[in-house]
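My questions all concern the structure below.
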Amino acid sequence: MAERSRSFRAWVWPPPPIAPRLWIALVTSALYSAIVWAVYPFVFTGKQAWADELAVVNTAVLGVLVSFRTKIAYDRWWEGRLLWGQLVNNSRNLCLKARELAQLDAAERAAFAGLVSAFAVALKRHLRGSVVLSEIPGCERDPATPAHVPAHIAGRAIAAVAQWRAAGRIDGHMYQTLDAHTSALMDICGACERVRNTPLPSSYLSLLRHALMLGFAFTPWALVHSIDLMVIPVQAAAVYFLFGIELTAEEVEQPFGFDGDDLPLEKYCETIRASAEDILRPGT
Amino acid sequence: MAERSRSFRAWVWPPPPIAPRLWIALVTSALYSAIVWAVYPFVFTGKQAWADELAVVNTAVLGVLVSFRTKIAYDRWWEGRLLWGQLVNNSRNLCLKARELAQLDAAERAAFAGLVSAFAVALKRHLRGSVVLSEIPGCERDPATPAHVPAHIAGRAIAAVAQWRAAGRIDGHMYQTLDAHTSALMDICGACERVRNTPLPSSYLSLLRHALMLGFAFTPWALVHSIDLMVIPVQAAAVYFLFGIELTAEEVEQPFGFDGDDLPLEKYCETIRASAEDILRPGT
Amino acid sequence: MAERSRSFRAWVWPPPPIAPRLWIALVTSALYSAIVWAVYPFVFTGKQAWADELAVVNTAVLGVLVSFRTKIAYDRWWEGRLLWGQLVNNSRNLCLKARELAQLDAAERAAFAGLVSAFAVALKRHLRGSVVLSEIPGCERDPATPAHVPAHIAGRAIAAVAQWRAAGRIDGHMYQTLDAHTSALMDICGACERVRNTPLPSSYLSLLRHALMLGFAFTPWALVHSIDLMVIPVQAAAVYFLFGIELTAEEVEQPFGFDGDDLPLEKYCETIRASAEDILRPGT
Amino acid sequence: MAERSRSFRAWVWPPPPIAPRLWIALVTSALYSAIVWAVYPFVFTGKQAWADELAVVNTAVLGVLVSFRTKIAYDRWWEGRLLWGQLVNNSRNLCLKARELAQLDAAERAAFAGLVSAFAVALKRHLRGSVVLSEIPGCERDPATPAHVPAHIAGRAIAAVAQWRAAGRIDGHMYQTLDAHTSALMDICGACERVRNTPLPSSYLSLLRHALMLGFAFTPWALVHSIDLMVIPVQAAAVYFLFGIELTAEEVEQPFGFDGDDLPLEKYCETIRASAEDILRPGT
Amino acid sequence: MAERSRSFRAWVWPPPPIAPRLWIALVTSALYSAIVWAVYPFVFTGKQAWADELAVVNTAVLGVLVSFRTKIAYDRWWEGRLLWGQLVNNSRNLCLKARELAQLDAAERAAFAGLVSAFAVALKRHLRGSVVLSEIPGCERDPATPAHVPAHIAGRAIAAVAQWRAAGRIDGHMYQTLDAHTSALMDICGACERVRNTPLPSSYLSLLRHALMLGFAFTPWALVHSIDLMVIPVQAAAVYFLFGIELTAEEVEQPFGFDGDDLPLEKYCETIRASAEDILRPGT
C-alpha cells in the first residue's frame, strides 16, 4: 500500500523542508562557478589533470562519509520515533491496567489520565528547552518546583502506584506489572535526552564538512575547461544533492524540534491524551 | 531449501505487483526519449560533455539514496511482519495458559477464543482505516462505541484476566505470566501504528525523487549522440529498474494494505482464529 | 581459530551445494554466447555503444539489488539458527529446573525428557511439511489429533507445569521461572513459521531477476566485438557468480529444508534429546 | 531541528580534535611528495602504468576496510553512550522507587543519593585507569579496600535493598522491582569494560594500516608524471581525509577518555548526582 | 582516547597474526606471476581485452562477497565477545546477590565462588574441544561423569539456589532474582556453541573462494602486457590484501581458539575467578 504521494506532483514538488538553507548554498555555488568561468582563461591553459585526481579522492571520501552520516542521523531520528511510540504504548497499558486493577473512582480516573497526559507534554517541552511545572496542563496547582519536571511527574505516577499498594487496592503481583510501565517513563525520558544531547563525534563532522567544502571549491576548476558555462548548472546539481543530504542529516539527527522533518510531538501528545481519557472515562 | 520459484518461468514472469504504475513511467520515458532523439540535431552538435559530468553526479547521489531508501522501506515492512508474528505467538500462548490455568468452562473458552480473534481482526481494520466495534465478528453485541477499538478489546482481555484473579481462579503469579501476553496486545498495536504513520523524513524523499527526475530528464541528452535511436530502450531499462525500486519502496513501507507486496493480514487473522479455537475447543 | 577448511583443496573444491542448478545456467550461457558470436557479424558492424551504456545501468542496479538480497536472505537463515539455538537453551534450562524444583521421580523424568524431545522433532517436521502427532517419537500413544502439533505438545508442557503448581510441588515463584521457558516454545515455533512463510516482497524479486536476465541476454552482444570467442568464458564467469549468489540466496532464505546450505535440524533435535536425557536421567 | 552548527563558520573551522596527530602526517606527506617530485626524472621516464594498477587495488581494499573500520569504531562509541544513558535511567528510577517504597528518612535519603552518585564516579575513574575507594566522593570513610571499586559500591546498593527487605520496609515484590535496577549497575560496568578492553581484531588493523601506508608510499609516484608539483596538495588532501578517518576511528573506539571526541563522562556523572539529590532531597 | 598503538611503529609492524598462511600465498603468487611473465610472449601478442572484462566481473563480485563475508565473520567474533562479557556480568551479580541474600558462611562462600569460576573454565574448555569434569579446578572431587560438563556445573548452581530456597534462607522473590542469573549460564553456553558450530553457508564460501582463485589465476595475464615485470609486486599486493582479509575472516569467525585474533578466554576466566573470590571472601 502506498497511500501517500501517489500523484505525479509529489515527485517534483514541494522542495524539501531544508530548502531555505539550501537556496543560499545554490546561489553561492552559481556565483562562484561564474567567477571561476570568468577567471579561468587568465589563470590556466588547457585541462588541469590535478583537478581530476582531486575529484577521485574527494568522491571516494564523500562516498564513505555521506553514507555513514546519513545512516547515523536517520538512526537517531528513528530511535526518537521508537521512544515516543513506546511512550504511547506504556501510557495506554498503564491506563488500562489502572482501570482494571485499582478500582479507581471517577475523580481518580480523571486525575490519573491527567497525570499520564502531563508526562508526555512535560517531556515534549523538556526536550525542546526548559520547562516549568506549573505551566504543564493538569499540574497548575502542584506547588513543587522541581529541576527536572518529567522526573517529578514520573515520581508522582510511581507514588500513585505505591499508594494503591499500601492501601491494599492492588496486590504485590499487580504492583509489579504496573511498575514495568511507570519505570518505563524515565527510561524513555533518559533515552530521548541521549538522542538530543549526543552529536556525531566532531572529528567525523569536520572531515565530512571539509570534504564538502573542498569539493565545492575545486570542482568548477576541474570542469570549466571541458564544459564551459555549463559548469554552473552541473555544479549547482552537485551542491543541491550533496549539501541537501548533509543539511537533512543535520535536521534529522535532532528530531524533537519544529521543522518539517522533525517528529510531530504535538500529535503524539494528543494521541496519549485522547487515549488516556478514552480509557479512563467514567463508566467503562 | 528453495521451495518456491524453482521454475524458469518464475524468472521472467510475472511482472512485479507495482507494474501498473511502472508502465506509465515506461511509456512516458519512451516518448520523451523519442522527442529528444528528434530534437537533438537541431539543438546541439557533437557530444555534450556536461551531460556526462551530470551523469556522474546523478549516479553517485542515486547510489547513496536508493540503497538507503530501500533498506528503510524494507525494514518497515519486516517490522510489520515481526509484529504480526508476535501477535500470533501471544494469541497462542494466551489461549494455552488461559486453558491450563483458569479452568474455563466451554462457554468461557469460546468467548475467550472469540476475544483473541476479535483483537486481530480489529487491529487489521484499524490499520487500514476506521473500524466500528459492532462490525467485528464476536463483538456484535458489545454496546460500547470506543474511539480506539483495539484498545477496547485489549481492555476486555485485561479485564478478563483481572476477574479470574479477583475470583481466585488464578493466583498472583499466574496473573503475572498472563499479564505479559495481554500487555503485549497494545504494544503490538502501538508499534503497528508507528510503522503506518511514520513516513521517511520528507527531505530525503524529495532529494531522492528530484535525483530520479533529474536523471530521467537529462539522460537521453547524454546518450543520444553516441547511441542514436537505441537511447529509447536503454533509457527504458534505466527507468524500469530505478523507478521500479522506488515504487516498490513506496508500497513496501506501508505493509498493511491490499497490494501484492503487502503483508497477508487476512491470513494472519485466520491463523490466530484457527489456533485460538483449536486450543480452546472443549475437551482438550 | 580457523579449524575447518585449512587445506588448499577446500579453496578449489567442492562446488557449492547449489551447483546442480548452476550447471544448467552455465551450459545455457555457453550456448547462448556461442550463438551470439556466430550471429554477430551478420547483424552488427563495429562496436555497439548502446550495449556499454546498458551495462552501466545493469551493473549499478545489480550492485544495489544483489547486496540487498544477499543480506536479507542470510539474515533469515541466521534468524532460523538463532531460534533453534534458543530452543536448545530453553530445553536444557527447562529440564534442569524441572529436575531441581519439581522433585520428579524416575518415570516422570523420562516422560518430561520425552516431551521436550518431542517438541523439537514436531517443530522440525512441522516446518518441513505436515506432521501427525502419533508419528512423533514419544507421542505414539497420545490419542489427540491436533491441527497444530507443536502447539499441542507445548500445551502439554504448560499443563505439566500447571499441575506441579496445583499439586503444591512448586511454588508460585518457581512456576514463574518455569513459565518463561514453556512460553518460549510457542514463541520459537511462531518465529520459525514466520521465517518459513515470508518471502521477499515479490517486486524486489522480480526486479532482481529481470536485471539478471537482462544482463544475461545483452552482455555477449556488448563483449563479442572486442573479445571475440573469449566471450564464452567471460560470460560464463559472470553467470557463475551472479546466478550463483542469487541461487544461494534462494536456498538460504528457506533454512529449514534438506539441502547442503540448510540448517542441520536433525543435529539440533539430537542435541536436545541427548541433553534432556542426560539432565533427567535417574540418580542425578 | 538542527540547533548546533548553523553558522557558516562551523563548516570550515575548527579542525577535528584529532588534528595534532594529523598535522604530522600532512607535513610528512608534503615532504615525501616533494622528494618524489625531485627524484622522479632521474628514476623513471614516462607514465608508470604499474602505479595505476596498484592504485586500483589500493582503492578497492581501502573502500572495504575503511567503511568497516569506521562502522565498528562508531558502534563502540555509541554503545558506550547507550550504557551511560542506561546508568542515568537506572540511577533515577532507583532513587524514585527507593523514595516511594522504602520510606527513607532524611539521613538515609542523603546516604542513598551519595551511593548512587558514587557508583557513577567510581565507574568513570575505573574506566580511565585505577581507582581507590577512599578517593571517591562519599566513600571517604569506607574502610574497605576492594580490588574492583564499582563492584564494591554496587554490592553496597544490593545490600541496602536486601536490608530494607529484611527489615520489612519493602515487600518481596518491591524487592524484585528494585533488584532490576541494582543488578543493572554491574551489567553496565561489565559492558563498559568490554567496550574498553576489546580492540578490533589485530589482523584487520594491520591490513588497514598497511593499505594506508602503501597508498601513502606509492601514490606520488603514480601522480607526479601527469600533475607535476600539484602532487603535493593532491597527496595532502588524500592523506588528510584517509588518515583523518583512521585517526578518528582510533579515538572513537575508546570513548571513555579525555579527548574532544570522547564521551563527556563528567557531565553524565554530574547529571546523575543532580538527579539523585533532586529526587531524594528531604520533603519531596 | 586512543591509548594503544600511538607509535608510528604500530603502523608498519607487526604483521597480522594470519601472516604465516599469508606468506605461502605471497610466495606462490610471486612464482606464478614470474611464470606468466616468462610465458606470455610465447602465448599472446598484444593486450588481451578479455582479461580486462574478466577483471570487471571479478572485482564486482569480490566487492559484494568480501564485504558480506567480513561483516558476518566479525559479527560472530563480536557476539562471542558479548557472550563472555555477559558471563562476567552474571558471575559478578550472582556472587553479589548470593552474598547479600543467602547469608553464606565462609565455607559456602568459597564453594560458591569455586562453582562460578568452574563454570567459566568448563565453558572455555568445552568450546575448544572435549572436557572432563574431574580436570576442572574445583570439581576434582565431583564423582559425576556428565556428557555435557558446563550443563552439569550450571545444574549444580541451579540446585544450590533451589536448596537455599528449600531451606528457607531466601524467599521466593529472591529465588526469582537469583534464577535470572543461573538460567543465563546455559543461555550463554548455548549461544557460544551456536557461534562455534555454525559456519557460513557453504555456497557463499565456495563462491567467494572461487572468485579469489579466479582473480589470482587470471590477473597476471591481464597486467603483464602493460606493466611487464612489475606484475609481480602488483599481484603480490592484491593477494596480500584480498587473501589477508579472507584468512582473517576465517580466524575471526571462530573466536574461541588460541590464535592472535581470538578472544582471550583465559583472561576472562581469570577475571571471573578474581571477581568471585573478591566478592565472596569472608568478612565482606
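The first chain written gets the first letter, and so on, giving A, B, C, D and E; residue counts start at 1 in each chain.
Just so it is clear, contacts are C-beta pairs under 8 Å (C-beta built on N, C-alpha and C of every residue); 3 or more make two chains touch, one makes a residue touch a chain.
Just so it is clear, the model here is predicted, and its values are computed rather than measured.
Counted as hops between touching chains, the shortest connection from subunit C to subunit D is 2. Between subunit A and subunit E the centroid-to-centroid distance comes to 37 Å (mean Cα coordinates, whole Å). The distance from the centre of subunit A to the centre of subunit D, with each centre set as the mean of the Cα atoms, comes to 23 Å. For subunit B, the set of residues touching two or more other chains reads 63, 67, 172-173, 176, 247, 251.
Taken chain by chain, the contacts form a single closed ring in which each chain touches exactly two others. One ring covers every chain here, and the order obtained by setting off from subunit D toward subunit E is D, E, C, B, A. Those residues of subunit A that touch subunit D in the complex are listed here as 49-50, 53-54, 57-58, 60-61, 63-65, 67-68, 72, 144, 146-148, 151, 154-155, 158-159, 162, 172-173, 175-176, 179, 183, 186-187, 189-191, 193-194, 198-199, 201-207, 209-214, 247, 250-251, 253-259, 262. Contact residues on subunit D toward subunit A in their complex (touch as defined above): 1-5, 10-12, 14-18, 59, 62-63, 66-67, 70-71, 74, 77, 81-82, 85-86, 88-89, 92-93, 96-97, 99-101, 171-174, 176-177, 180, 223, 226-227, 230-231, 233-234, 237-238, 240-242, 244-245, 247-248, 251-252, 260-261, 274-275, 278-279, 284.
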